[in-house]
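A, B, C, D and E label the chains in the order they appear, each numbered from 1.
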Amino acid sequence: MIPLSWYLYLSTVVFVIGVFGFLTRRNIIIMFMSVELMLNAVNISLVAFSHYLQDMRGQVLVFFIITVAAAEAAIGLAIIIALFRNKATAHVDEISEMRG
Amino acid sequence: MPEFVMPDLGPVMPEIVMTCLALALLLADLFIKRKETVAFLGIIFIGIVSYTLVGATGTTFGGMFVSDGYSMFFKLIFILNVLLTILISVKYIAVERVNFGEYYSLILFATLGMMIMASAGDLIVLYLGLELMALSTYILAGFIRYDIKSNEAAMKYFLLGAFASAFLLYGISMIYGLTGTTDLKAIAFFIVNNGLAENPVVTLSMILFAVAFSFKIAAVPFHMWAPDAYEGAPTSVTAFMSVGPKAAGFAVLGRVFMTAFASVQIDWAAVLTPIAILTMGVGNIVALSQTNIKRMLAYSSIAHAGYALLGIIAGTSDGMASVLNYMLIYAFMNIGAFAVIIMLRSEGFKGDTLSDFEGLAKTHPLASALMLVFMFSLTGIPPTAGFMGKFYVFMSAINAGYMWLVIVAVIFSAISAYFYLRVVMLMYMKEPKEEVKLTTSPAVGLALAITLAAVIIIGILPS
Amino acid sequence: MNYYLLIPFLPLGAFLINILLGRDFLKEKAHWVSILAVAGSWVVSVATMMDVLAGKTLNEDLYMWIASGDFRVGVGFLIDQLTAIMLIVVTTCSTLIHIYSVGYMHGDKGYYRFFAYLSLFTFCMLMLVMANNFLQLYFGWEGVGLCSYFLIGYYFDKKSAADAGKKAFIVNRFGDFGFGLGIILIFLTFGTIYYEPVFTQVGGVAAQTINFLGFEMNLVTLIALLLFCGAIGKSAQMPLHVWLPDAMEGPTPVSALIHAATMVTAGVFLLARCNAIFSLSETAMIVTAVTGAVTSIFAATIALVQNDIKRIIAYSTLSQLGYMFLACGVGAFTAGVFHLYTHAFFKALLFLCAGSVMHAMAGELNLQKMGGLKKYMPVTYWTMLIASLSIAGFPGLAGFFSKDEILWLAYAGASPVGKFVWAIGTIVAFLTAFYSFRLIFMTFHGKFRGTHEQEHHLHESPKSMTIPLLLLCIGAIGSGWVGIPHLLGGGAHFTEFMNPVLGHPEVHGTHAEEGILMAVSVVAGFAGIGLAALFYIVRTDIPVKIAQQFRFVYKVLFNKYYVDELYSFTIVRPTIWIARNILVGITDTRIIEAIVNGVPASIGAFSQLLRRMQTGFLHHYAAIMATGLLIIIAFMLLR
Amino acid sequence: MEQVIMNNLGFPILTTLIFLPFAGAALILLVKRSNESLVKWLSLVVSIATFVLSIPLFTNFDKSTHLMQFAERHNWIPQWNVTYYLGIDGISVLFVLLSTLVTILCVLISWNSIKNKAKEFYISILIMEGAMIGVFCSLDFMLFYLFWEAMLIPMYLLIGVWGGPNRVYAAVKFFLYTLIGSVLMLVGIIVLYLYAGRTFDILELMTKTYPYNMQVWLFWAFFAAFAVKVPMFPVHTWLPDAHTEAPTAGSVILAAVLIKMGAYGFLRFSLPLLPEASKAMTPAMLVLSVIAIIYGAVICLAQTDLKRLIAYSSVSHMGFVTLGIFALNTQGMEGGILQMINHGVVTGALFLSVGIIYDRTHTRQISDYGGVASVMPVYATAFIIFTLASIGFPSTNGFIGEFLIILGGFAARQWAGVLAATGIIIGAGYMLWLYQRIFFMETSPKVAVLKDMDAREVITLLPMVILIFWIGIYPDTFLGFMHESVRHLLERVHTGSGAEIASFKNIVENIK
Amino acid sequence: MLHKLFFGYYAFVIILLSLLVVTRKNPVHSVMWMLLLFFHIASIYLFLNAEFIAAIQVIVYAGAILVLFLFVVLLLNLREELKVKSFIGSWPAGLMISVAILIGIMSALRHFVLGPQGEYSIEFIQRETHTKALGKVLYTDFLFPFEIASLVLLVAIIGAIVLAKRKMKS
């Protein structure tokens, strides 16, 4: 039987990789994918918890997270498209009209 | 395993009604051509909702939904917020040429999300409510599709928001793993009974919650999205965002930290205190050097979040009450100020830079008089509501023994006087550059009347 | 007897009428109001004098002026021998000079204003002498000061006049600074500032000492010295004498009334009033005596070389006032007051004569431009001659008696410095005679040294001016006869009369000594006159020679020992310099304002800095968020 | 808690006094802005009516008691136990009267000089009046603070909108200076409120005793607010700017009433609430006062700007006031209070006069004047009277105040009295010099054309002249009001409240 | 033992893939790697006998979301995307921050203690299938959140339309 902590560490590592990606990439889409990565990390830990706790809530939450993730994806990509129409770039650095 | 029994829908009635009406509005939009009518319908619907609000108290869905005085008050704030926002939007979105019916239903959905947050008794519900609100607000922020600034605002808000909610989820999962539940009361109960208060994982998840909520209330250093989002978003939406999500954030912050994390109060006070100081400091100080009034008000709203945090930090019921009070007052004075700004926006004239206010008192004495009142209220000069709000918050904070924190706060609020007064100065003590014409409408007038009355009356008779 | 109230309030009424109606209605007739009023109060004063002679004195409050806690003082009047004498002096001089002014000020654009001020002055002076407490005295004190300010600066469009007036007021303020503190100290000591409780209790505290700003000193001495500050300010004694010569900028009647007869003698009056206090303090007495002596000789020496006719008389006033102080200093308060009384007449006379000379010379003041006026203006000449004789102590004239009494009492009195001051007094007597007659000879004898048109213009003054001269002349001759000493078979009535108020110093000396001293001073006087005659009639070249011989001394004397310059360099300029360069230049601008404006400025700069952190780059925002989270985690888990 | 004498007149006089001006302002709000004369007359009528209504305070005042009179009390914010609680005693009554009087004069003096935004101007003036009266009448700390801060708004506008060339800077400076001071006071108020068991009732607060070192820092918290208003020495620099740039009416209100509130605050709050601390801080206060006296006086010698000079002279005069107050004895305190009135009258009058000539010449530079006396004799007469009053010439009001203060100061600390007395010498110096430079010497061509004062201006100055001599010759009318209150206040200060030393920690405990 | 080996493999691959996802220059590649990643995660779920979750992981994530991504990525022409370098200038800073956070969380997790056991024992789930169990819960206890979720999706639809639709009336 695999100790729970392994799953925990795994999810943590993935989560942090997501953070890393978000912090260091300049392509909006990839930044957004990093966020998805973080969500997945959370999912891993949640499912693990619910398995070890023998409780369903975790998986329910995962279900909802996936739903929301889908929604977020839709909106996020819509925003990106709208942005792209006005300014043909997916580079965050070039999208800094407002500052100060 | 017990069979399913239909839960009591009484407490949740306002939300249900809100949902139905929002959908109805969505449909109505298809048939109604004049969007003003849609707005009007929306106002009526809100009236209905606020009617159902009365007496809809209790706990249902197995403790997932708690409708008590606390949530009730916040819902009141949200209702007012959305009402005033719709009022100031009617003309404005027409001017911005984004006069779509979806706008209103989205606002309603966002409000619905806030209402759910306010009375969430379970982390899952909390999360979903938060996302409902957030997603709607992202869309609203980017509502002016052809405007790059609007897109950018939406984009920044969206990405950072998703980032923040990821942290929230991580926190939720931690606390879930620890306690095996997501119900706030149960969590609190469990932590106390199993003496987990000292456990770093609790602290960790508490921190993650704090971060996520700080993002929603735009507290430093998680405020970075706010100025850009506020500047880029349509002004009416800015008004909406600067009050609604902030209040909702405070609602969940108070709810979670007062119930679930009540036992680690020392810890989260220690986390929030520096955040509060930074928030007040950065908000007020950076606002000094702004040239765009929307951006300036963004920073000011950051600062106000800082003041309100004092009430949370106090950690007493008195403190929470003061925060509610503050949020209500803030809603009035801030939306009032935005209403004036919106009037300046007209075809081919953005009217959102400070210099557009020069000599306004000569051309539009009434508007500038109103702005004067709101500015002094935001500064916190009696006899305006702003003073009463601050006063109550400070009082509860001192009462909880945070005197030094309050001294810091008052110093910052004195500094804040400078940039609020600068608006007044520009209006009254400068000569008008070019003729500014106001786009007024009965709706905006009504909004201004309400806010003004509220600011003055609360200022004189807070009870 | 309540009609005494008329004495001060008649002039006040005249003042109000003139100042309110004068400009538009009375115009040229303004003088009637004032003259009638002053004459009225003269009459009342004489009546009061009679009462006092009949032994009726009075001390009562009119109303409560200031009442704060246990500090209570009213506006009240004390009428005793001293007051009575002063009343006579003041009202008499005032009346005559009012009349004189009708002629002198004729056709001046501020005619009404002039008379209004004169009346106001009379009112204040009377309040001063009639006060029954120190604070009211202080009121009159400042009041006369104010009037002198107005009257000196009467020709206010002349800068020198305006300056002189201001100078007079401010220099007096220096004196009043001490005076005021003295009053306060009196209150704190005795719990009241009414004369007679104070004077009766003062004996009790004679031994007490007080720690004043760290100096342990005798209480009474301190009080006395503080009051003395006031006295020297008003009576222009060293070192606060500087304002009086400049005061001659005012119209001549003013000089006569205020700066010779009445106001300047207020200091002496104060000393006499407070004799009970002073005589208890050895130190204070010595200070007084020495100050008086020094001032008198100091002024006399300056007077020797001045050419401005009015200034000469002014300096002689200084030195005569010195005489009076000297007298008080040696305990001879009676003699002091006696001299005050006689001096009032002959000095007023001198000034008025000078005025009439100026009138004739069209405002010319320089002796060098005059000469041989005798034949043009006989009345002026004779009256002025008599006045000069009187001041020179010509036996039988008023000055003679008072001066001799002073010298005798100084010599024979108990004062440790008596002999010394007597010696100085005698020298001064000589000098006085000299410069007075230098004035006479250079003005009236010899041949005219002025321009031709001046010569044509020469004429005797109108009746309204000459009559007062003659009247005053009577005073200058006869006013001394009330105090003829026993030695000369007189009754020394004056001394007797004053005894209840001023007491009488014990003297130990024989009549023989008294006679000798008298002779000495008379000789000194005659020597002075003789020398003057020699220098300025017989051998007019000698003074020039001497002047060349002792060029340095001459310059020093001519420039009044450079006292003004000294003050302006040690007090006036440094103060203004500090104000300009230290206070405005540094503390206000460089320090306080620097902070006041600097803090916001730095906040603003900081604001710009923070503002630049809002780069607009998404990943910066994210990084800051993550860093924030990191810091919090570290902070929470590592503590 | 101490009992008070409820208002026994037929009508709530204090409330009327406070809200009549507000009502007037509201009324003016309705007038068309084109109809300027109506605005003017309306404000004049309202201000006169207020003054007339305030006369009963003068006539019906019971001088034989220290209790609060004409008191009114209503619940206001029950949950915080805030009450609408008004009342006046011997200390405050005179200021109420002064405020009502001064407002009339301000309206009169601005009659012709305010052209642009006249409507707003008179509204501000009236609101100002109401707030000022409110400050002096409040017996509830919250209410007091409300008026205290509310006053800033109209004043800020008065300076900033109708002021001189550098007005914006001056206005902002004034506002921030005072605001920073008063927010610190707010903290103090809250602490007091919580410590004393949740009451803002001043009279009730006075009956409590507070631990010593809590008193000390409360004292400094209040000091921050009051000293800035007074203004005391280190924080005085807003005054010259504000006075100089403000329009005549603004300067007059500032000088006559506004800066009295600082000293009034000391009397009403610092001393009775924090007796031990006040006693302990006396030396510091006296030193500051003496510095202010001499500093303010000397710096006047260097001024070339007419209004600036008078502004600095107020610094000096207010130094006398604080000196008298902190002498903590009868003469000093009564002198201090009287001197506040005097300064209000005299400096107010001086600013009025300056305004009169400024309207003619539009220059504030002293060097531009000279020889005015020969073209404007009446004006010169009025001005010399004010000058004399300001240098404390006996028989003017200035003398009474200053003499009592120096007496009190000397009794308290010799050096204080002596140094203060030097201030009088310098005072004579700069005022007479000023008078000479403006009114004497050759008439400059610029001045030669000036016309003397017209009836309106004479009427404006007349009340001040009368007051000056009234107070100077028969001050008992005014001192009479104070005796009882001052005696009681001093009792409170000296018998003190026997506070024990408590550590800051358990102050916080106590508050919790 | 076998379990551990399997887990080891999956863990390693997942980490590797996620690293690839965030480091690839070409978004298309990232998406591809992510697809693979999701499959692995799904199989981890299978490990934890949560078949339904695994299923939706594949269907929704891999099937819907990623396709959406891919679609967008291809929509935006990526020619010049590939010219500019993919990382922000200061990526080491980002790395350091993330590592620090990792350490922080790890150090906290060392004290992790598991909560109380619930009634959904493995046998129970075996007995009635996982899907049924989850479904029951979803439609009874979690009815309310479920409804909210539906709203979230609705909002998403509206938003997507409002923002992305090419032309709009008025």
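In the analysis below, contacts are C-beta pairs under 8 Å (C-beta built on N, C-alpha and C of every residue); 3 or more make two chains touch, one makes a residue touch a chain.
Every value quoted in this text rests on a predicted model; they were computed, and no experiment measured them.
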{"item": "Touching chain A and also chain B, the following chains", "value": "C, E"}
{"item": "Chain of greatest Cα-centre distance to chain E", "value": "C"}
{"item": "Centre-most chain [mean C-alpha coordinates]", "value": "D"}
{"item": "Contact pairs, highest-scoring chain pair", "value": "A-E"}
{"item": "Approximate Å spacing (C-alpha centroids) for the pair chain D, chain E", "value": "71"}
{"item": "Centre distance in Å when chain A and chain E are each reduced to the mean of their C-alpha atoms", "value": "6"}
{"item": "Distance between chain centroids, defined by C-alpha means - chain C, chain E (Å)", "value": "104"}
{"item": "Rounded Å distance between chain A and chain C, as computed from the means of their C-alpha atoms", "value": "98"}
{"item": "Per-residue overlap in chain D, given as positions that touch at least 2 other chains", "value": "176"}
{"item": "Residues of chain C touching at least two other chains", "value": "600, 611, 614, 616, 618-619, 622-623, 626-627, 629, 633, 637"}
{"item": "Where chain E touches two or more other chains, by residue", "value": "88, 93-94, 97-98, 101, 104-105, 107-109, 112, 114-119, 142, 145, 149, 152, 155-156, 159, 163"}
{"item": "Touch relationships between chains, expressed as pairs", "value": "A-B, A-C, A-E, B-C, B-D, B-E, C-D, C-E"}
{"item": "Complex interface listing, chain C residues touching chain E", "value": "619, 623, 626-627, 629-630, 633-634, 637"}
{"item": "Parts of chain B lying in touch with chain E, wherever the complex brings them together", "value": "1, 4, 7, 12, 19, 26, 35, 61-62, 64-65, 97, 99-100, 102, 105-106, 109, 112, 116, 122, 124-125, 128-129, 131-132, 135-136, 138-139, 142-143, 145, 154, 176-181, 190, 196, 199-201, 203-204"}
{"item": "Chain E - residues contacting chain B, complex", "value": "104-105, 107-109, 111-119, 136, 139-145, 148-149, 151-152, 154-156, 158-159, 161-163, 168, 170"}
{"item": "Chain C-facing residues of chain B, complex", "value": "155-156, 159-160, 163-164, 167, 200, 203-204, 207-208, 210-211, 215, 220-222, 224-225, 227-228, 267, 270-271, 282, 285-290, 415, 418"}
{"item": "Contact footprint of chain A on chain E as seen in their complex", "value": "3-4, 7, 11, 14-15, 18-19, 21-24, 27, 30-31, 34, 37-38, 41, 44-45, 47-50, 52-53, 56-57, 60-61, 64-65, 68-69, 72-73, 75-77, 81, 84, 86-88, 91, 93-95, 97-99, 101-102, 105-106, 109, 112, 114-122, 124, 133-134, 137-138, 142, 145-146, 149, 152-153, 155-157, 159-160, 163-164"}
